[in-house]
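Presented below are the structures under discussion, each in the form of structure tokens.
The following pair of complexes shares a single chain, chain A, combined with chain B in the former and chain C in the latter.
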Partner chain A sequence: MFQISPQLGSQLVDLCAALLLLTCFAIVAQRRLSACVDLFALQSVFLAATAALVAFLTGIHHIYVAAALTVVIKAVVLPRILKKVIERLNVSRELQMNINVPAGLLVCGTLVILAFYITQPIIPLGFLLTRDSLAIALAIILIGFFTMIARKKAVTQVVGFLVMENGLFLGATAAAYGMPLIVELGVFFDVLVAGLIIGIYTHRIQDAFDSVDTSKLTVLKE
Partner chain B sequence: MLQSLALVVAQVILFLVVSPFIVGVIRKVKARLQCRRGASLFQPYADLAKLFRKQPVVSTTTSWIFTATPYILFASTLAAGLLVPAFASQMPLNFAGNIIALVYLLALGTFFLILVGLDAGSAFGGMGSSREAIVASLTEPAMIMSIFAIALTAGSTNLSTIVHKTALLEGIVTDPSPHLMALAALFIVALAETGRVPVDNPATHLELTMIHEAMVLEYSGRYLALVEWAAGMKLLVFLTLIANVFAPWGIATSLTPAAIGIGLAVYLVKVSGLAVLIGVIESMFAKLRLFRVSEFLGVAFILALLALVFFYILRG
Partner chain C sequence: MAPVSAAVMVFLGAPLLAGFLSLAIRKARLLHGVNLATMTALVVADMALTGRVVAQGPFTTFGDFVYVDALSAFILFIIAAIGLTCSLYTWSYLDDYVARGVVAPHRLSRFFFLFHLFLFAMIAATMANSLGVLWVAIEGTTLATTFLIAFFRQREGLEAGWKYLILCSVGIALALFGTVLTYYSSVRVLGDVSTALNVTKLQEVADRLDPHVLKLAFIFLLVGYGTKVGLAPMHTWVPEAYSEAPAPVTAMLAGVLETVAVYAVLRSKTIVDQALPAEFAGNLLLLFGLASFGLAALFILIQRDYKRLLAYSSIEHMGLAMAGFGVGGPVGSFGGLFHLLNHALAKSLAFFAAGNIHRRFETREIEAVRGLSRTQPLTAVAFLVAGFALVGMPPFSTFISEVFVVSALATEAFASNTLQLGQFVTVTISDDVRSLGVVSVFLIFAVVLFSGFVQRLTAMVWGAPPEGVRCGEGWDVGHVPLIVTALLLVALGVALPEGLKALLDQATSVLLAR
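Let's turn to the complex of A and B:
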């Protein structure tokens, strides 16, 4: 087995985390629904790579299991479910948003700075390999949350929710070298079920309102 | 003295010779991805040679700007190329200008191209000029900021110093996240500035949406050859900048023949690799609507801004 110096290892983890953040910005700027889902799948692959790297550097084996589950559930199964939903919906892109793309990008930039500013006093206190990853994790959670607010279509709101979940997973890996395996399994199961339920629920919205625009849900219908 | 002179001449020849090849590589990759055999990699050289032999036609309504611009564009782009270290990290001309000079040498060429589009008074040219002005004004802040982010980590605005220090991993706080952000921003800027697919389509003269081709529509003969050669060199300047600022490893840090040989080989592999990547991107994506270009370049701007801010937050 070859060894990587902790300095280099921590830089590699930061690099993977920064890739996750980059895909977040791509999701915020992307209007096509299927491309948003593809970007989410890509982000999940980067997340799995980060987790595998942390597992390798720390020698904690159960993180490998979490990384493998991330690939299977978040990069393969959930994108497939969402793609099916999009296929049935007959909408390929999102033209109306609550906050338009250029303004959304500026807001996301501010959120990232905020996340770094908040976590900066905490990071030097720890001796973890994953220095900047905690800040990036917080930034991803905030951006995911923002995506849910800014978008109107149910599908992109689901993607925002899943991005938030990715951020939480990254945060758990970065701050605590992963949660106990049983908790992680539970979370994965929850996410999968949530994805399924939201998928079916989106169909129901489409059937009832002839649209997946969630802003129409405020109107009462007989 | 003689050695520095030789280095400069070598880089001039390198840029002149390699730039049509890079254009050829991109066309070849696109052709192969479209299941065509495509023209030879050396077709751009033949095109240039043909154009240089043809007689240029100049409209009677144009001013001196029309005939002067190809030379200004060619010279400013070549001068910009000399400021970027290509195969050796210490360029003798590095006293002459830093990254700010590089950005504005390229902007000088763009400015004259915009004037030329208006000069002939054709509707197409004017449209191309106004679009180019939009794109240029949006790319400039993103480009400046992404380059500043790198300059801050290296502690110098001199490109030779930046590349040299990064290649030797000496005295640089290597922080991947700002570097990655700046790289993504600069790559988007490179696509927009050189008129590549998500922003402009270099493969057609027959589209209402064209930008660069609309401005140079009036050119023919040797003027067109110079403009096209300059466009190829601008692309090469950007690819060199991306390759050597973000991954300078392999570049000759000393001036021994062996190091320069390796540096040259590594450089050619790196820029060809980037050219293949651009060819793949051009095949994968459709051109954006003009009004969506600002969003695309907005991403570059935000990423560059973040790269710059990260430096202060992480090191502040």
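Let's turn to the complex of A and C:
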């Protein structure tokens, strides 16, 4: 077996985490729905690569399981469900957003700075290999959150939610080399079921409202 | 097998079994029978479990996966008790809708399937030893209930279900980050072991966990689970989900699910409290609690829909209980816990009655409902009892628990009276001013709430019923839970049974342990 020096390993992990963050920005800048889903799938592949890298460098085997599940569920199954939803609904572009793309990118930049600021006091406590990724993980969570607020279409809101999940997973890997296996399996199960439920919902919302624009969901008001 | 393991087995196994059985059953009668049998089994198992916990203290079983102490036993008691009354109400409620042709008979099995999964998720959350499993189960409750909320499949129902799913999933995602951070701090002490998130382990090493990480973790946990509790400002899904869901589902959401979410917050607090100064978690709870209380009081004044009115009342009561836990001490914690039980009883009763009213009047407008005392006398009495219990009138038990919380607010001195808001703002106030301020603000909102609530309530009960609404109320099985719950509310206000008191005392000491 070949060896990787700890420094190189740490840099590789940082590189992967940075790629994850980059795809976040790409999602915020992208208007085409199917491209958003593709970018999410790409991000999940990067996430799986990060996890596999950490598993290889630390020799903790249960992270491989999580990496494999990430590929299967987040890079293949969920994007497929979302693509089907997009096809069936016949919507391809997000024309109106609550916040336009340049302003959105600026907000995301600020969120990244905020994430680094919040995590600064607790980063030195982490494992040397992955500790810098914790700040990136929080940044991804915040950007996912922002995407849900900024976009109107149900599909992109779901992508925002899944991006948040990716950030959480990266955070768990970075902070503690992954959660206990039982918890990780439970989380994957929840995400998968949530994906299925959302698929059913978009179908029903389309039937009832003739649109998947969630800004039309305004029957209930004070 | 030891009797307690058997009881735990019943708790986890019965709802799961009943859920999958329901999918296979087509006859409505049998479905209701299975539901009722499950709930009865839960109550029996709960008695065994509670007896054991009160007599011999907390225990773990099933390879450390299950941990039950007095706090979780108390929450399980609420789940089982409300579950039983709810199953009786569901019987008459759903039969009625099937008879009217609103709900197709074949959809009943799906209703019960989801309903039992929902129950299972709540029980799993309460019994889980690992904070991670607790999170998975709480997210499970969201997934199981979203289609129950949208069960009637109108546009409004779909909208409410969708908003509930998205808001709660996002909120809960923040709680997952809090869980990750907790794990981050405990792995450093315990090493990378799969038990590092277990409550039993965390309690052992809590004083060695890093305070900075835990502070951040608790904020995320509180905001995350607080969304599920319906604390302001994360409460926006509450009125919509509660007004659109079928009445038995709303009763379970308002009475039981909120309680389980509060349990998740309290469980996190017991661990954080051992590593941090007491006022950190307490002050945050107090702040969110009072904000929810005040906001709900104001929104109650502008409600025209009686189900939304009750939903805002839920936000208010959860705020009250949170304020009780926030000031802490024996009085505040005891009052908070007792209030959870009383609120669960009063709110389920209120939604049962509201469900009856909605079926008769076919509207949720307060303006359009008049003369309940003539159209449905029994329901009118139940609605009045629930309403007066909800504003904290004697002789109902909510009065007792509210007095506990308010007196705790007025008297409990803090270890320190500094409120740290972020890194830059620090507010220091003297004890007297602080409790005087908190209590007077609290009482002002309580008065606002009282007048707003009682005025709407009495308007609905008396007066002449609108034309075209049938008068008179026949007897059916759905009236049993109305009577039982109303009697319980009065009985608990007069005297607390010995067993329940012992359980409450021990649960309080779990919260006070440090």
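Throughout what follows, the second predicted complex is superposed on the first by the 217 of 222 C-alpha atoms of A that agree within 3 Å, B and C clash if a C-alpha of one lies under 4 Å from a C-alpha of the other, contacts with A are read in each partner's own complex, and residues count from 1 in each chain.
Please note the rule applied: a residue touches a chain if its C-beta (ideal position, glycine included) is under 8 Å from a C-beta of that chain, and two chains touch if they have at least 3 such contacts.
Remember, it's a predicted structure, so these values are computed and weren't measured experimentally.
When the shared chain is aligned, no partner comes close enough to touch A:72: not chain B, not chain C.
Greater residue coverage of chain A by touch, when chain B is weighed against chain C, goes to C. Of the two partner chains, chain B is the only one touched by A:132; chain C is not. Of the two partner chains placed by the overlay, neither chain B nor chain C lies in contact with A:81.
Of the two partner chains, chain C is the only one that A:161 touches; chain B does not reach it. Taken together, the two complexes place no residue of chain A in contact with both chain B and chain C.
On chain A, the positions that touch chain B within their shared complex are 11-12, 14-15, 17-19, 21-22, 25-26, 29, 101-102, 105-106, 108-109, 112-113, 116-117, 120, 132, 136. Interface residues of chain B, counted against chain A in their complex, comprise 174-177, 180-181, 184, 294-296, 298-299, 302-303, 305-306, 309-310, 313-314. In the complex of the two chains, the chain A residues touching chain C come out as 60, 118, 121-122, 125-126, 134, 138, 141, 145, 148, 154, 157, 161, 164-165, 168, 171-172, 175-177, 179-183, 186-187, 189-190, 193-194, 197-198, 200-201, 204-205, 208-209, 214, 217, 219-220, 222. Put simply, chain C touches chain A in their complex at residues 130, 132-133, 135-136, 139-140, 143, 146-147, 150, 153-156, 158-163, 165-166, 169-170, 173-174, 176-177, 179-181, 183-185, 187-188, 192, 194-197, 210, 212-213, 216, 239-240, 243-244, 299, 302.
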